[in-house]
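I've put the structures underneath this note.
The same chain A turns up in both complexes below, where it pairs with chain B and then with chain C.
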Partner chain A sequence: MTVRRVALNTAAGLGLLYILTPLIFVTWLAFFRQEIPSFPPEGYSLHWFAAILDQPKFVDGFSLSFQVGVLATAIGLALGVPAALCVTRYQFRMRTPLASLLLLPLIVPGVVLGTSMYVFHVNLENTLDVDVLGTFYALVAGHVVIVMPWVVRLVTASLAGVDRATEEAAQNLGANAWVTFWRITLPAIRPGIVAGALFGFVTSFGNLELSLFLVAPGRTTLPIVILQYLEWKIDPTIAAVSVVQILLIAIAMLITDRYVKLARVV
Partner chain B sequence: MAQLDIQNLVKRYGDFHAVRDVSLTVADGEFLVLLGPSGCGKTTTLRMVAGFIEPSAGHVKLGGADVTLLPPWKRNAGMVFQSYALFPHLTVAQNVAFGLEMRKVPRPDMNRRVEETLALVRLEGYGGRLPRQLSGGQQQRVALARALAIHPDVLLLDEPLSNLDAKLRQEVRVEIRELQQRMGLTTVMVTHDQEEALTMADRLVVMNEGSVRQVGSQRDLYERPADKFVAGFVGRSTFLDGTVEAPGCFRTEGGLSLVCAGGTAGKASLSLRPERLEIAAAPLAGLDNCLPGTVEFVSYLGAMIDIHVRLSPADRLVVQIANREGGFTPDVGQSVHVGWRASAGQVFNA
Partner chain C sequence: MSLVVDKPRGQGWTASALLAPATIFIAISLFAPLGILFRYSLNEFVPSTKTMVEALTVANYVKFFTDPYYTAALATTIKVSLLVTVVCLIVGFPLAYVMARTQSRFKHLLIIATVLPLFVGNSVRAAGWMVVFGNKGFVNASLMGLGVISKPLEIMFTENAVIIGIIAVNLPFMVLSLQSVIEGIDRAVEEAAFSLGAPPATMFRRVLWPLALPGILAGTILTFILAMNAYATPFLLGGPTFKMMAPVIYNEFTQKTNWPFGGAIAFILMSVTLGLTLIANLLIQRRSAR
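What follows is the complex of A and B.
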């Protein structure tokens, strides 16, 4: 019995270590003093964190990624929540294909998605004679596509746990369809919405492949800024940027988890 | 409270008739029970009254007003759901207040009515709890309070007791019935549990395959079932299949010749209530029918004992006897005699 337990714990520990190793090393590296990362460190310093702020491209990249992420998540919610309701609540001919279609962007490789959007944008620009390619809104529109599957998936999962009779009870007590949605359905699926928004935002914020095709020179998202920086330099600034990013996402998750138990929805 | 009229209600799903031409009137203050096996259309009927299902044809009238085309939220019908359907994120008091809030009842009145209604179902002091902090029986009472708080024209109960354990169910039955009588609530309950139906109803409606088979009092249904289905569904019956050779003369498939009450010539079933049969070791005198048989199975139910007796290779029936001290209790394999009066059986022509 105890042997089994030890074996199990060891396996779990190794698995966890495997997942955490890159994070641990990146974090460690961010505090190295020397410019060229090598082991053992020559000493520790915080100046790579200060270096981030000296480089406007990181700040701008962060700002753009944040804006795109927030906007894409908001639009993703506005489209994804009704879509999830529609797919789970109504019976219609194209229901199953539509449900799969909504999750498809999770499966299609980002590069493929990016290439096709690029081609689409070029064609759109030629046909309509308006600026599309490389605009902020085109970038947001592209990110909505990768945010939506998360929202649909997690809200759908939440909806499965909602007792339809509670909605009927509300209507029976005098609430019309709209009031029923706001007062009964929405609170019941709030965990799914919050989790969907969080995962959608994180996906958008960290996306590289899709964004590569949709950004314009001088207006790039944080992951692209990091990639471009790495082409010339490998000093720990990148590690520091990553640490900041990891921290922000971790804080977002912790705060979310206080209100909605993420483990229960995902 | 008001009278409920259901007129020629029909619900079709494609070729499937869930409800076929059901017409019922529930008088002001009456407790009507729709009884039937699952899929008989009783719940569909109730849901059409509540407005969750749109009828294919027919009308629903509440207090004389036609509500057939009104959405659920515009009908003043209080419903208790099988799953209770309490709002999990709202407290007990907020659950009960929900309908009043929708009716824009002013805050002080609302609080008073919530208190009153909670007292009615003996849940004073539970207003601040969340539904998940209550037992099943308490949740059921919150559901009832929530439906009553809006002072509904009609109370609709959809299998309200099926999620309670057997002992609690018996208590709650009486409680709901007493409350209903005291408040003079027009009530329609749906159930598949005949004991529940018999204890609570003023009048019962037996449904099967979408149509009403019989409407009547407990005694009507039990003593004068309209057809074989009702005879089998309300109370227990053993059926002997055979033919009526002439009125009053029944021959079973196993070739036994029996005296029966009435019947018209042709294929038929003879329905016998197990407790109306007599059983003894020696032949029984003074009865219209007395047949020898062999005991095949005995089940001891405590107050009652069921004895399955084989009369012929094709005929077997169940006799139920009271478990009296020193009474006759045959063993499996024992030869016995079973007898009954012709009036104890009922013939249903096929």
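What follows is the complex of A and C.
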């Protein structure tokens, strides 16, 4: 039995190692002293992290990704939380199809979403005679589409665990619908909202396929800057950029994990 | 939209007010673009002027299936996706099982370690594989240092590099799908099989596999769809001559500005993915029904 256990754990460990291998190596490269990614490294250095700041495209890309992510998440919450409340708290005929519609963007391929939104923006631009394609707000609108499903999914999951009796008790004691929501429901689903916001933000921040079609030349998001850089070369600078991104996302995940059990929501 | 609520009147308005903004937003930003793209895919393209001419023709779809360049890209995409899906299932199952059954207090860290790469982005993970696969990369340097090979192996810019890369990208999805289902299977049914004398292989085949089938189905479908649509990994690890569908669509669209044809390829990719998924679904369900 123990041999079996060891074999099973080894197989599982190898699977996890496989998943983490690319992250391990990109992190390793970020600390190389020499610029060429050759093994064994000639020594170790931290100066590539400082070199990130010398390249404005990384800083600009980070800044754009961050702004788009924050705004798309805020709009995603404003649209998604009420929708999640509705699909869990009300019974109506179109409930199931509408609930699936809200999650649909998660399964439409990124490239197809990107191409179709691109032609949509071109069409809007021609019809309305205003700049749409490549503008900041068009990019944000695109990202809301991929952020909102996460909000709906996580807030719905957390609403399912809230006992309706507490809300009814509040209303019996004279609280109106708004007070009940603000004082009872909202605190109870806060973990779901936090998780939805973080997952949505991280999805937006890391998105490549959609952004590729929606950004204007010269003003691109961080994942696109990374992709274009890698197409040209791989060096410790880009590895250092990656490490910064990995750290940020790891921190976001650890914060999320404090509020909700990750295993339940992904 | 009729939201018929079986609660007192007035709540219907509340429900509509809560749901309508999100629904309308998604409907407009999903269906309008897809509709326009589909309409464009029936238009004609004049290569000399790089312009689109209004038409109603299936020529773009015919062109795709008659040009070996594109059918080869589709065949490669399907082949790579099938291989990736099978390997993900085999490699992912033990990890998912251990994650589902562990009593360790570090379980949440295991899950974070699995989820984290998902959000880090495919480009960053491709960068990691470049460090491993390059001519002076980890694999070649180690093998040459050990004297196993005298000149570096060509791993970068091959189909193998792309397959290895996509497996790593999709493995977390498979593991999480399997883990959530295995967690719901009562440990006692496994114990019962063992105490009735079943060897582990039989227990797996007769108990664990059938009970985990919903998760296996969800995981394989998700993995397959993601592999079919992979963009960054084939683009960065496959190099300029390796062709998979998503990079081809991007190329038609932005480099050649051939929107009608790019749109047609996008819809072909979606239909083929959906079709193969449905067939697999039916086959698996019929087999499990027996």
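Going forward, the second predicted complex is superposed on the first by the 251 of 266 C-alpha atoms of A that agree within 3 Å, B and C clash if a C-alpha of one lies under 4 Å from a C-alpha of the other, contacts with A are read in each partner's own complex, and residues count from 1 in each chain.
FYI, a contact is a pair of C-beta atoms (placed from the backbone, for glycine too) under 8 Å apart; a residue touches a chain by one contact, two chains touch by 3 or more.
Given the structure is predicted, the values throughout are model-derived calculations rather than measurements.
Placing chain B and chain C on a common chain A by superposition gives a fit, with no clash between them. Of the two partner chains placed around the shared chain by superposition, neither chain B nor chain C is touched by A:133. Which of chain B and chain C touches more residues of chain A is settled by the count: it is C. By the document's definition of touching, neither partner reaches A:59: not chain B, not chain C.
When the shared chain is aligned, chain B comes close enough to touch A:187, but chain C does not.
In the overlay built on the shared chain, the residue A:70 is in contact with neither chain B nor chain C. When the two structures are aligned on the shared chain, A:98 is found in touch with chain C, with no touch to chain B.
Measuring only between alpha carbons, the smallest separation of chain B from chain C in this overlay is 6 Å. Counting contacts by the rule stated earlier, no residue of chain A appears in both its interface with chain B and its interface with chain C. Of all residues in chain A, those touching chain C in their complex are 4, 8-9, 11-12, 14-16, 18-26, 28-29, 36-40, 79-80, 82-83, 85-87, 90-94, 98, 101-102, 104-105, 107-120, 123, 141-142, 144-145, 148, 152, 177, 202-203, 206, 208-209, 212-213, 223, 226-227, 230-231, 234, 238-239, 242, 245-246, 249-250, 252-254, 257, 261-263, 266. Listed in rising order, the residues of chain C touching chain A in the complex are 1-7, 11-12, 14-15, 17-19, 21-23, 25-27, 29-30, 32-34, 36-37, 40, 91-92, 94-95, 97-99, 107-108, 110-117, 119-132, 134, 136-138, 141-142, 145, 165, 167-168, 171-172, 175-176, 179-180, 183, 200, 225, 228-229, 231-232, 235-236, 246, 249-250, 253-254, 259, 262-263, 266-267, 269-270, 273. By the touch criterion stated above, chain A contacts chain B in their complex at residues 163, 165-166, 168-176, 179, 183-184, 187-188.
Interface residues of chain B, counted against chain A in their complex, comprise 50-52, 71-73, 77-79, 81-83, 85-89, 98-99, 102-103, 146-147, 150.
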